[in-house]
Each structure stands twice: as structure tokens, then as C-alpha cells.
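Dropping a structure here in C-alpha cells format, bear with me for questions.
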Amino acid sequence: MTTPTRPAVDRRTAAAMYGTMALIRRFEQAAYRGYEQGEVHGTVHVGIGQEAVAVGMIGALRETDSVLSHHRGHAHALAKGVPPERLMAELYGRSDGVSRGKGGSMHATDLRRGFLGTMAIVGSSIPVATGVALANKVRGRDDVCVAFFGDGAVNQGVLYESLNLAALWRLPVIFVCENNSYAITTAVGDATAGPGVAARAEAFGVQAETIDGQDVLAVREAAERMIEGARAGRPALVECLTYRFMGHSRGDPAHGVYRDKEEVELWQRRDPLRVLAEHAGLGDDLAAELTAEARERVRAAVEFAGRSPVPGPAALMEDIVK
Amino acid sequence: MTTPTRPAVDRRTAAAMYGTMALIRRFEQAAYRGYEQGEVHGTVHVGIGQEAVAVGMIGALRETDSVLSHHRGHAHALAKGVPPERLMAELYGRSDGVSRGKGGSMHATDLRRGFLGTMAIVGSSIPVATGVALANKVRGRDDVCVAFFGDGAVNQGVLYESLNLAALWRLPVIFVCENNSYAITTAVGDATAGPGVAARAEAFGVQAETIDGQDVLAVREAAERMIEGARAGRPALVECLTYRFMGHSRGDPAHGVYRDKEEVELWQRRDPLRVLAEHAGLGDDLAAELTAEARERVRAAVEFAGRSPVPGPAALMEDIVK
Amino acid sequence: MTTTTPAAATAPDAAPGAAQPATATFAAALCAAQHDAMRLDETIVLLGQDVRAGFPFGATKGLVDVFGPDRVVNTPISEAATMGCGVGAALGGIRPVVEVDFAGFLLLGLDQLVNNGAKLRYMSGGQASVPLVVRVGQGPLGSFAAQHSQTQHAYLAGIPGLTVLAPATAQQAYDAMRWALVQDDPVVLLEDMRLYRRGGPLTRGPVPGSVTSTVHRPGTDLTILTFGHGVVTALQAAQEVAARGIDVEVLGLDSLNPLDVAGVARSVRRTGRVLCLADDPPLFGTAATLSLVATTEAHDVLRAPVLSLGGRAVPTPYTPGLEALVYPTPGAAAEAITTLMKWTD
Amino acid sequence: MTTTTPAAATAPDAAPGAAQPATATFAAALCAAQHDAMRLDETIVLLGQDVRAGFPFGATKGLVDVFGPDRVVNTPISEAATMGCGVGAALGGIRPVVEVDFAGFLLLGLDQLVNNGAKLRYMSGGQASVPLVVRVGQGPLGSFAAQHSQTQHAYLAGIPGLTVLAPATAQQAYDAMRWALVQDDPVVLLEDMRLYRRGGPLTRGPVPGSVTSTVHRPGTDLTILTFGHGVVTALQAAQEVAARGIDVEVLGLDSLNPLDVAGVARSVRRTGRVLCLADDPPLFGTAATLSLVATTEAHDVLRAPVLSLGGRAVPTPYTPGLEALVYPTPGAAAEAITTLMKWTD
């Protein structure tokens, strides 16, 4: 793991990051509650504990840059500017949801904000992001596209096919692996042979590094470097070491079967919100203020979602083709 | 590329290798002629110039070890002991073909000789070989399985998925990449980014090396080492640098469009038959004798194939399931 | 794969010591079948994501405790290589069971299943045996949205060389799995995800001699041809119209390839009215084939044209209200029955 | 992708300066259509193996000389990523054409095409546009054996969100490609490999307003419903029976999804006799759906039950003598026509 020289961060930027992470945290807590209350349907994957990856990486993007996400994607959406009320309405399956209630948590999309989609087939966003980068290049734009995926996706062959294309064609794409140590119940070491995904990427001609995914400043610093490189035709992969504090999806306990309480608690001590507050010396008052703000926005989002109508039957056969 | 200490080879072994290579060479020349005469159907991919890879690698195997091959597979079949007359009858689409005329050049199979099959979907033999190795391990046998594939297959994701499984489960499998510089008209450099397939394999925890595929002794030496390792649960990949002297398939000229005559001639000077004869000091007489023998066996094979009956209509619906 | 030796034999949740006949869920029946077969055949090995934990449906739960991690093998998320590995392992002389939790993921392994698994015997002129069993969760599960809600019955049943089973009850799930595990060629078990938690009687019996079709309810007025979860829908519809004196026969096609054409003919020639019921859309779906078979076998005695009822041709929406409009309901089936009974040309 | 600037505009083999109407092969027509569309739309980019060389069928031959290597892009052999990249490029605002030479290879890219390409618009509630065109060589080519001889019409046509075209002539190939290249959603062109070298008249016209169905031969006694190479077979059969005074209508379904149900109804209601002709086996194949549509639309006026003629349910054998037994011949179609004409219930 590269130990970055931590960049000096101004108080304002740090506060903004803290605010976004707090928003994501509260949002996901509310989503989980929504699931328990029967308002969020099917299943829900929350990434509580992993907020720094999304916020550090996406915070360094321009508005015209784009993001593709995976099953654990609320953080990416919110960090990219998707309004929480529209996202919550999507989880509630309502008409005002970003995807009109047709996608749900696993397929939230907001093209206007460059949040190009959420793909629930593990690894599946990776070649799509590569293609978006190809389009950017063909159109002569220097926007980058970022694909997020988990440690479970690093054994999908399409990642390596895509790395090869990205390197070969010098595409403005960044591959972000959120390594939270597990794919459902399977530990990384039981699934991934060899020195790891960063070394694998290098073997395909894509520069790569492994960083501390709990430290939003470290992520941000790496992001800025990689984005600059990607704009110039040097695709990159970054593996962010992180951890999900809760179970894989609704119903899966945080610990007990495949990992023990001690391990979870160890990681919880590196809660990205706390890490940032300490590093940036935010102070308890500011943190509390930002948290209250986040809580209020999420409360409003839940209210908005609850008020939004369910789609009428006519919506069923709309949106299949234009 | 690793420069091996060339093993001392006894004259008898060298002669046997030369004989097998000569047999393959003559066989493929006859197959090509058969295509032109309308006896061999559809298409035919000959590997003239690449004989050392098959002979060096497969010569080091035991009879109970097995091989899976790809679209350019005659050499693998013959090196594994498939009788040339049965193979030629297959190419002729006759009843005495190893696959009863149902598979043809792209799907010749001879289970009894451990020639488990030929797969024409590029890269597709790789996970199958991995599975055969898994079966060997589960059954407590120390047989190895070898998958052959071209440089074109190194950008199929399933190779990396398979390398990962092989390393993770310590399977007795060997991955042999026949890098003949082109996939149809596409040069390796236009398709493959990064330092190459050997480095890629290492990044998946599989030991790998790149060797001179025109030197059968070098291949044999590497094969022996790797086979020993694989039997002990250390899968390996070897990239053999070689060249096809003819076009990709029937109709494709040896040079002109995507490669020039000079390049072809340069490689032809490293004809594996000539290289072996020189290194092992076989002498012209012995070489001529072995060549004549090969010619005679192929003549007999062609005759056998020509005499074999075409399958009757009843065969159509046989062999779908048992 | 670790080399740990199997833990002392303890039974899976599902069943072992249970008195016979017992009751089990569909998922537990699959687990019991794998358990019972693995006891008898040491070469059976399970391959899949999180199969040791039995995630997500419990169909392999507890088996690792009985048979150890060498026979209940967690795979990385590598569907293509896993399927290819299954084909190779079968070719190499063992019996792999490859688990694919959701049908959408099967597409990643389809090349290996279709191009190799289904064809190796034929391409080798009969030499190669690929005794591979593939388990695939099919259908909607309830607001899992478009990538996790698919059916592939029609496509898979059309692949020569693949045997395709679609059990409807716990007993059939057990029987299908036991039968699949003694075949010499690849078998795909299409498991409707809505069935996993349904209970039913289960006799852990001997391996059945064949898997064909089942009359779930005999009747004289009309035949519903269906399979998998469609049987549940059909039985409810039959019950509904029984009150109006209509006597419906429900014929479940436990095997889609081969299809029990004789069984279909027997039923439809007797009733003379046919409703084909499936979850995929009628056009290019399973109902079209059932309809073709029924028409071909009974056109001379049909009292009404064969009716097909399938799902809507739409990617499955997330929101429950819309999702409910996609798949045929007992009410819609009852309506179709009414139409058929009233038919006069 | 290199950054070389396009070479000076020289035309592909296929056509450009040719007088109109001219004659072209099916492959050249596809090439001409891509050429003409690429001239008008700078965002069209071709992705595929050896597309610069136009290998193996010539359908992209010469285009790199006109449009340069940035728009005619050779891909590595990475079907999954190439298809995903096509989906992403379309999402990102350009128009990729992904070439898949043989249908068997499509299975490797199917996840991306079906799970993403076909569904992104719906899953995003209408936001996402994926104007991707996928060209796939279908059918047998002559002793290419089981992995290189497949048809996927029925499966693909059943995927909501995919438009699936199956042209039969050079002109239709041209029109289908031009039409596909102005759509907002993914279109799959199923190109029967036996057609590539067939010649036919070609007018390099404007983009057609729609692609539906074509009456290749009007007739009064019987309708053959078919598509792609089936049209060739059907026309030969029609010719054969014309000598016996039977007047066959050949209706080609240029689009399989959506299917021109009204066009089918018009024809079959007029003739009252229907033969469905396809290369895949009737059960779970395309003929089953054509049969369902014909029966549904015309059961009240049919003079005989709808007949289906398809391929045998077998992996395609290599040896020519057996391969010839797999696919329907004009002779077999003529026989089916005779059966239908003689029908009395």
C-alpha cells in the first residue's frame, strides 16, 4: 500500500467532505430502516463504513465526468450529486424516483448528474465505463469515467479484458476497487490468488495503487493524480482498502458467521467520518452541525419519498424502447 | 524470455521428436491439399512452423496426462498419439474419424489417448482444462492436464479467471500459450497491452515463463520442470514464441496483407525441424529417413481416410446424449 | 479448495434423520437430494459462490459440515471459468454441481455450458461424457428488478444436448436432483425462486427412473400445460373455477427437454381445451412451444384454439405495483379458462 | 486505437461510385450501408476482430481506408468487454457497431447485451439511450461444425428492449443497417452466413422509415412465414410447386422483434394455409412463435392446421452429408406444402 503524503486540506473542503459522508451515512441508515418497514423492497445493500471511497474519488471529478456503480451504490450516487430525495423515492419505488421506481436501489441512474447507472451483475459496470471513456475520446472530450466495483469483481474476467482495452486505446477511465475484505461470506484470500488487483492491473499495462480507503484525504489525493493522468490517456486502477460495517444485504448480520465481532469493531475504530474529523481537526461543534444538517436532509428525503405516488399501470410498458 | 540451459538430449529421443515433428508437418501439408481437393471441408487451420511446441510439451507427458486443444490443433493430437489415419479420416468427415466425422478439424477428440477435445471458441479450452485438473485432484490422481491456446486467447477474460482458480486450488494444470505473433490479421502488439501473458499469469499467482517455441529441446526442458511442479500442485503458464508459416486458414495467404514476406522468411529460417537437427546433430541421413517414414505414414493415412465410408444418415441423431 | 478432511458427518438442516414421508421446503428438498446423492457418490462436488454458507436460499446449507470443503467448494465470482471448470471436471470423471443463484448470472457462463457442455458428446462422436448438473434460480423473487428477474426456460430447452428440468414441488425438486445426478450428460435444473420457501411432502426415496410430466390435478374440461411455479398459479386458478363447475386438469412439464409430448397429447386429446401458462412472454417464450405441441397433437379434437398466457414483454420493473402486472396471476388464468370454456367458433 | 488521421477518402470495394440501382452481394450491401451511414454520422464507430481487414466476410472491407483506424477499430478477442464497451460507448453518446462473426461467439458477450444493453433504458426509467448495433453471423456456413453453426433468433427476439432484424436480401441488409443506425436503442442484425455472397439489386437509398415484413412473392393458396435465408428456401419451394399449380405467398419477417403481426394476419387470413419455416428446431425455436401468431390471428379461417418446418434438434455435424440433413431444404418445404394443400380434417 502506498503511503501518500497527506495533502494539506482547507477547512472548507474538509467540512464539505464530512457533510457528504454524513449525508450518505444517514441516508443508508434510513434506507435500511425503510427496508425493515416495508417501504424499500426486494433487497438493499448499504455501504456504511465505506463512505470515504465514494466521497474522496467522486469529489475530485468535474460535473461532466461520469460514474458507473454497482449493487452497493448509494454513496456513489449521492457523492455525484443525485438529490437524496430522488434517490430515496427510487428506493421506495415511487414515481419521483430517479429511475421512476423501475430500477430501485440496484439500478438508480441520474444521467443529468453524470451518474450513468448502477449494474447489479458483479463486474458488469467495468466494460461499460470503458466504453463511455471510448465515447469521450471519440467525441474529443477530456471527461473521465469512473467504474466502481468490489473485491468480488476482481475475479471476473471482464475486468482484465477491460483493463487491456483501456491501456491499448489509452482511454480516460479509472477503475476503483472497493476492497471491503468480503464478497458476501467469502473472504478475499479465499477468492483471489496472487499479489492482488493492483499488481494484476499493472500486468495489463494500467498503472495502479492500493490506498487506505478509510481516509478520505488519501483517496482524494490519489483521485486527483489519477484523474489528471486519465484525462491525458493514462487509465488507472486504485484499490481502496475499506470495510462494510453492516451485513452484505438485508438480513445478513454484521458478524457471526463469516467474520467475528472483534474484526468488525477493529474496523469501526477507523470510521471514515471520525478519521477525517481528526485529521482535519474539524472540531466537535462543526461535526455536530454537519451531522444535524445531513439528518435534516435525509428526513426531508424520506418525507418526499413517502409522499411521492407509486407509478400507475400505464408506466409498465413505457421506457422499453424510445 | 528465459534462456534455458539446453539439456543434453540423447540421439534416440531427438530422433523421436524429429520424427513426430516431421509427421505433423507432412500431415498438415496433406490436410491442406485435402482442403484444396474438396476432401477436407469447411475450413482448416494448419500450424506449420509451430510443431516444436506440441512435440516438446506433450512429449514430456505421461499417457494418463491429458491435453485440450484449440482450432489449430492437429499437432497436439498427433503428438498425444492420435493415429494419423484416424485424424485424417476425421478431417475427411468419415466414419473412421476419431469423432466419427462429426467434429472435423476443429473438434477432433480421442479420449483413449488423453486427447480430451478441441475447442474452436478462442480461449474456451482453458477453464475446461482447469476443471479436468480439478477432477484429477478430487480423484487423487497426479495426472496433469495441459491447455493449448494462441496469443489471441490471452485477452479472453476466462484465462484470468482460470489462472486464479488454478492458483487458488493448487491444480495440476499447465497453460501453454502458442504466441505466433498474430491472431488472424491482428498483431500481438495491437491486441495485448502491458508486459505480456507471462507477467499477467504471475500476477494471478501462477508461475510463468516465456521460451523459444522453435526449439523443441527448450520446450521439452521447460515442460519437464512445469509438469513436475503441476503434479505437486503448482500450476504454470508457459508462453512459447513461435510462428505460423502459412496463412491463418484456408484462403489466407502466408504474407501480403498484415505481414510481409521478409518477416515470414526470417522465421522460416528458424524452422523447428532444422533447429532440432542442428542442435542434436542428427545428420542428413537420419533426417531424410525420418522424413520418409513420416511421408509414408501420412500417405497411408490419406489412403485410409479416402477409403473410409461417409457416415450414414442414422448417425445424425446419435451421440446427442447417451 | 483447502485440503482439510471432512468434518464428522452431521446432517444438513434439511432432513436426514427425519421420519418418512416428511415435509420440507423446495430448497431443503434440493439440499436433501444433494446430501443423499453425495453420500452414495463420492465424486459429486458442489461448486458455487458461498455454497458453504448455503447463501442465499439454503439449498446447500450444512453440506460442508458433512462433506467437507473439498466437496463443497466456494468459488470466486467467476461464472465463466466456474462453468467451464464444471464442464472440465465432468469430462475428467467427477460429477460437479454448479450453482448459479440468479438466472441473469447464467449469461456469463453460457458459452461454456452451450458451446462445450451441451456439444462435447456430439462433437466427439459419442466419446465424451459431461455429467454436469447446473442449478439456476429463475423467475422473479419480488422487487429484485430487471437483472435479477429472468427466465431462460425456452432458450435452454432449445439447446440439443442439454436436459432441462423445471420442478414444481419439493418432491419434484428432490427427484429431479437425484435423477440428474445419475445422468451421463449435462442437466440444468431451473429452480423458480418463488418456490424455494414453499413446503410440501417429501419422501427421500430412490432415484426415479425418469422425469417427464405430472398430473397435479386431474380434470376433464380443460388442460393447463405449465411447469415450475406455473403449477402453483394453475392450481389456484383451477380451484377458483371449480366453484363454477369447471374441471381443470393441471399438467406440469417436469422436463422441458425432452418434452413429454405423449403426456401432453394424452391430456389435451381428452379435455379438448388447452391453456399454456408460462412466465415468459408468449412470443418467443415457452408457451409458444407448448401451444405448438398441443395444436400438433390434438388439432382434430380441439374444441377451441389453444390459448397462451405468459408474462408481459418488459424488463421486470422494481416497484412492486408494476412487477405484479408482469407475471400471469391465478385470476388471469381463470379468465383465460372462462374464455376457453365459452368458445364457439 | 491509434490517433492516425483518416486516409484520404477512397470508397470501399462495395460500391460508392456505382450507378443506381446496382447489384451487390449481401456482405457488400452491409459494407455500403455502414459506409453511407458513417459519412453522415461522425459518431459511428465499428468495433470488431479484424474489421480493418474486413475478415472474414468482407462486410467492413475498405472502410478503414475511408474512415481511418479511429472509426474502424480492431478489437482484441475479448467478446465480453467489447460488447460492454459497445454498450458504454452508446451510453456515452456515440454509435458503435459491434461485429460478432459467428453466433457461437455471441454467447461470450450476451451478459452485456442482454443485462445492460437491452435493459438500461427501462431500468433508468427512460433516461438512458443505448444506440448500439450488433451484427452477428448466424446459421451454418458449410462444415464449420457445432460451435460455428448456430442460430439465436428465437432467444434474442424474446428479449424486451432488443430490436432484432433478419434481412434476406442485399437490399434488405442495406436498409436494415441504415435503419438500425438511426435508432435510439440497441438493434441486433442477424446475418445468415449463407447469404453473404449472394448477389441482388441494391439501391443505396434513403434510410427506410421502418423495417417490418416483405412479400417476396405474392400468392393465393398458402403463406410461408420465414426470414433470413429461409426466404431463399421458400422461394425455391414456391417455384417447385408452382409447376403443379400451387400459388405460394412468401412473407419474410425482416424484423423478428417487433414482429409484424398485422402483416402476418393479412397474409394468412387471405391464404388460409400456413407453413412456418426456420432453421432452428420447431420446439423452442422461431417456428413455434410464427405458428402461434398465425394460429391466433387466423384460427377462424384456417383451412388446415399451421405446419412448422425447422431444423433437426442436433448440434450441427461437421461432415457434409449429415449437415445437409439438419436444415430444411426446398424439397422438404415443397413436401410440407403438398401436405397442407391436401388437408381435410
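By written order: A, B, C and D. Residues from 1 in each chain.
By our rule, contacts are C-beta pairs under 8 Å (C-beta built on N, C-alpha and C of every residue); 3 or more make two chains touch, one makes a residue touch a chain.
It should be emphasised that the depicted structure is a prediction, and the values quoted were computed from it without experimental measurement.
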Neighbours of subunit D that also touch subunit B are A, C
Contact-pair count is greater, between A-C and B-C, for B-C
Distance in whole angstrom between the CA centres of subunit B and subunit C is 40
Taking each chain's mean CA coordinate, subunit A and subunit B are separated, in whole Å, by 45
Whole-Å distance, C-alpha centre of subunit C to that of subunit D, is 32
Whole-angstrom distance, CA centroid of subunit A to CA centroid of subunit C, is 36
Flagged in subunit B as touching 2+ other chains are 97, 99, 101-103, 107, 119, 121, 155-158, 161, 164, 168, 190-192, 320
Residue numbers in subunit D touching two or more further chains are 75-76, 78, 80-81, 104, 108, 111, 115, 122-123, 145-147, 160-161, 313-315, 317-318
Contact graph of the chains (line, ring, star, complete, other): complete
The subunit D residues in contact with subunit C across the complex are 80, 104, 107-108, 110-111, 114-115, 118-119, 122-123, 145-147, 154-155, 157-158, 160-161, 256-257, 259, 280-289, 291-293, 295-296, 299-300, 305-306, 308, 313-315, 317-318, 345
Subunit B residues touching subunit C in their complex are 66, 68, 97-103, 107, 109-111, 116-117, 119, 121, 124, 126-139, 145, 157-158, 161-162, 164-165, 168-170, 318-322
Per the touch rule, the subunit B residues reaching subunit D in their complex are 41-43, 93-94, 97, 99, 101-104, 106-107, 119-123, 152-153, 155-157, 183-186, 190-192, 257-258, 310-311, 313, 315-317, 320
Seen from subunit C, its contact residues with subunit A in the complex are 49-50, 52-53, 55, 74-81, 104-105, 108, 141-148, 312-315, 317-322, 325-326
Given the complex, residues on subunit D that touch subunit A span 1, 43, 45, 70-71, 73, 75-76, 78, 80-94, 96, 111-112, 115-116, 120-129, 160-161, 163, 183-185
